[in-house]
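Please see the structure below; I have some questions.
Lettered A, B and C in written order, each chain numbered from 1.
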Amino acid sequence: MMTAEQSEQIIRTGPGTLMGDYFRRYWIPALHDWELPEPDCPPVRVQLLGEKMVAFRDTEGRIGLIEEFCAHRGVSLWFGRNEECGLRCPYHGWKYDVNGNCTELPSEPEETGMRSRIKLKAYPTIEAGGVIWTYMGPPELQPEPPGLEWVNVAPERRYVTKRLQESNYLQAIEGGIDSSHVSFLHGSSLKRDPLFTGSRGNIYNEHDKMPIFDVAEFEGGLLIGARRNADEGRYYWRITPFIYPWHTIIPPRAGHPLGCHVWVPIDDENCWAWSINYHPRRALTEKETGAMKGGAGIHVKYVPGTFIPLANKTNDYLMDRAGQKAGVTFSGIEGIAMQDASLQESMGAVQDRTKEHLCSTDNGIIMMRRGLLKAAKAAREGKPVPGITAASQRVRSCSIELPYAVHYTEGAKHGLFAPPDTDPVTV
Amino acid sequence: MMTAEQSEQIIRTGPGTLMGDYFRRYWIPALHDWELPEPDCPPVRVQLLGEKMVAFRDTEGRIGLIEEFCAHRGVSLWFGRNEECGLRCPYHGWKYDVNGNCTELPSEPEETGMRSRIKLKAYPTIEAGGVIWTYMGPPELQPEPPGLEWVNVAPERRYVTKRLQESNYLQAIEGGIDSSHVSFLHGSSLKRDPLFTGSRGNIYNEHDKMPIFDVAEFEGGLLIGARRNADEGRYYWRITPFIYPWHTIIPPRAGHPLGCHVWVPIDDENCWAWSINYHPRRALTEKETGAMKGGAGIHVKYVPGTFIPLANKTNDYLMDRAGQKAGVTFSGIEGIAMQDASLQESMGAVQDRTKEHLCSTDNGIIMMRRGLLKAAKAAREGKPVPGITAASQRVRSCSIELPYAVHYTEGAKHGLFAPPDTDPVTV
Amino acid sequence: MMTAEQSEQIIRTGPGTLMGDYFRRYWIPALHDWELPEPDCPPVRVQLLGEKMVAFRDTEGRIGLIEEFCAHRGVSLWFGRNEECGLRCPYHGWKYDVNGNCTELPSEPEETGMRSRIKLKAYPTIEAGGVIWTYMGPPELQPEPPGLEWVNVAPERRYVTKRLQESNYLQAIEGGIDSSHVSFLHGSSLKRDPLFTGSRGNIYNEHDKMPIFDVAEFEGGLLIGARRNADEGRYYWRITPFIYPWHTIIPPRAGHPLGCHVWVPIDDENCWAWSINYHPRRALTEKETGAMKGGAGIHVKYVPGTFIPLANKTNDYLMDRAGQKAGVTFSGIEGIAMQDASLQESMGAVQDRTKEHLCSTDNGIIMMRRGLLKAAKAAREGKPVPGITAASQRVRSCSIELPYAVHYTEGAKHGLFAPPDTDPVTV
């Protein structure tokens, strides 16, 4: 349970807020690289942390991510002409380069010096892992590029989607680190989804519905260990890394690819659920990417031409009561991703945390909230923040059976901090 | 005319408000019994007096009406699994019985005692008259079940519907006790609607458009007598009972069934218009129920799968200007129910009563408002409230011709307070 | 750039506001005359300056423009019956004449005198130029009918439309007097649109994209001269009259009809863009009116049955990126009118003027804003306001080539203040 003040503090992410300033210290996934497929392609609207921007790729292939509205009279540059190394406002032809500098201001003689004083807010970007990332913080504090494993594997080993989630980011992250709901909400789907079947862990998940949560810190964040009973003197451990400030990695099953999420605030009532599958050692198979494209695993089907899930609030997520009754799904909603999203959105755009009742399986959530607030306060005080270096992000999820006496922080170390190009450690 | 303060007082119905606390002293129609057709059927969202709830029928057929959101992390239990005598949250499997008790809390060992401390707000329900009723007030003040005649007749003598009205409840009740608009708004439809035709009263209605309103009190509420000139030394009386806090009964016409309404706040900008036809002495005929199902009389056609009228604000209520011009309808809107609803919604979600100009035909409205506020204040002071006993609700509407010298409270007594299984007294 | 206070002052137009009181001093175009085609036709909802009204034409052909809501209980008179010289509320039959007087109040005996005390706000109207105009100001200050040339030419010389613009009126006016954007936004369309082609001016427009703005006052408002280089020692002048408080006239091209706008606030987030073509000397040709009906020039295609443009915010104005890339249009939006409207709406319902950067081509805008505020303050102090007499409105736009040494206020005088029935002075 949180007080109204605590809740307010952790959910707001606009400029100048505690969390907003903190999140601006990291590289933020802004859009797919294929949303800007070629030089001088159409600009794209982007909103992050409450700020409205427009992204474009200029004639030289450079990416710009600048304020959406022209400095002159406030026209949206989404209507702009992307040509000759700049985005030109269609109203009076003012033109901006990828750095937000005004390179042409045809309404005013150059001699007045006005042009050189006009500048739109612009954020640096990098392309990595199929994603265009941006950095919206103080320039002098810009970190090195993301060291996350999925970002750095060869493209054929990775599959990346994003979907709109109509809720605050926090209830989305909380779902991402919450192994305990898997036994319930996803129980039926685990048996059918081609990206989850065939793991002995699924049986342990089904038989032990009250995992013990054992949270440990590592350089980049938290290791959220969920311990269930396995066979003969052994525990089944599922270890979900939470990398500051919003990355989560699902513990793997059998030989399936790993699944990652990034939960990024659009504004305080909506977030992007970036959903990534990757295999650290091999290319994804056609069968795997086919399933992903079809909305299996952590991916979804979309309203055509949008990033809005086809099953959404306006259609009660295509609730199938017969399927729920028959146990085809546990909640009546099809698909792992929308099973989570439907429930998280049902809490309201912002969950009322003054009324919740947390229990021991919420230990990871409690630690993550505390960690986020602590890190944000550290940032405000000029102290170092966790998960900011590439090295600190080099962690994988892991699922493993260990003898009672061996703690996962020891027994699973080789799986969590594995060298590149190796198979996941998984059950 | 009311002051802004008076208006505010009478229209707000959330928890803790004057009217909200008062309404919670009565049995409230919550949903059709057929919305929960069998044990373990899908749960249904219900909102009353601003409170969001979920209704379900458990394995034993018991009905639960509990807070919508799980005590754990706030997920909507509408997504819940209704099974084995409880509604189970699909996120982590917490389970609640019809009394709101948490019967399973798989995330926590039983020894911690957490489960037994978790409880959702739950309201008692009864099934009566085809309707599931709930009581949302202090347990020690729970009244006996409704004594309304329509509730207690055999099912084949009754037909019950509900429709969403996008306005505050008060302007809906005001329409329900306002006999004077019948001569205008419904004039044309009375001549065509199979559930209203054939009454001599329709002719009096047409000829005398300025009824005298004569309001009397009875134990359960108000008798709103509307007096019109009839033939040779006689008055035509239409007597509309208003039973506290929101029941109204339309004066009957010829041998047609009686028509009743219950006007129940969903929130302060929407209400349920429960619409009931019943005949106290005989089964409804197939012709009658056929007409009702087709949207005749006080019933409507719906947007499929909803309780939203097909003719609604988004389509200007299917306004037919040619029909209005030709006098097929007076306002251009088809159907008695939507003729009322369209105008009441046109006042705005909450009518601005600081600008109204009431006149003598609004006498019933004035008395009803005063009565409601007086009763609500009495409730707050711990004094008895009217219309709370079953006996006090045993009243019928009546239409009758009486000699000039005979007041309706005497001359129509036998019709208003008639024994069961007798025909309505009607013209 | 404006302060938040200045902006607030100039954009608000409801009753009692500085601008609202000021605008109420003028005749306001309220609706097309053909929206009330005949006596006793259906009433029409009208909203102006934040006030909701209903317009009707009574049995004698007189036009009423009265408050929308019945004085009795607040029902919308849009549902009213228009019959026998009045609009009758369908609820209880109260009836109002075109002056807002209650002529029948059937709920109350005449002797009580109530009827004679009931009055709805009603505004005088006149029909002129195919438009029904209203005056919403103090009766003693009602001005003479509009003297605008387009209003007073023969009907066959004029074509009038209106469209909804989802923005505050001010950013719409600002577009209307801003000749500088023509070189950019409309550049491509000028070459194709049948109502703009064939003018030598289009070439000057294309070649000189940095016009010098030279603003002069005249009795009725401002003359906004935009000077571009023409051939051999001459300037090409485009002179846009702004007539207080919201009329603008586009400088003509070749032999095409003149184009006028009136930008009228509906509320503070929406306005009517009245769009008029007229030729002062001859009837419009069939080809011209055909093009106008098809949405060419300053007109648009509509969502059927509405005044909402077919290309609108909900469909991203039917953005055609390929056409934008190919230069078919400059912004990707088809049609002169929607090129303007899309950008003006993209600024937000109310442009944030605390962030704008005005330059020398915005001189007309700066002068117009100052002029409006000055006039509004004069009105408040009881001083004369500009553009209020018919004579002061007798001005035309003009486009002309003049030797360097001749200022347009001298050299174009004969074009700006031309006698009726003469050709426009145009290039």
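Going forward, a contact is a pair of C-beta atoms (placed from the backbone, for glycine too) under 8 Å apart; a residue touches a chain by one contact, two chains touch by 3 or more.
It should be emphasised that the depicted structure is a prediction, and the values quoted were computed from it without experimental measurement.
**Student:** Using only Cα atoms, superpose chain B on chain C and state the rotation angle in degrees, rounded to the nearest 5.
**Tutor:** 120
**Student:** Over half shared numbers or under half: where do the identical copies chain A and chain C land at their interface, same or different?
**Tutor:** Different: fewer than half of the residue numbers at the chain A-chain C interface appear in both copies.
**Student:** Cα centroid separation between chain A and chain C, in whole Å?
**Tutor:** Centre-to-centre distance between chain A and chain C: 49 Å.
**Student:** Where in chain A do residues touch two or more of the other chains?
**Tutor:** Within chain A, no residue touches at least two other chains.
**Student:** Using the touch definition up top, name the residues of chain C that touch chain A in the complex.
**Tutor:** Per the touch definition, chain C meets chain A at residues 171, 174, 180-181, 183-185, 209-210, 319, 321, 324-325, 330-333, 339, 342-344, 346-348, 351-353, 355-362.
**Student:** Please give the residue numbers of chain C that touch chain B in the complex, ascending.
**Tutor:** Interface residues on the chain C side: 40, 42, 69, 71-76, 78-79, 81, 90-93, 105-109, 112, 114, 118.
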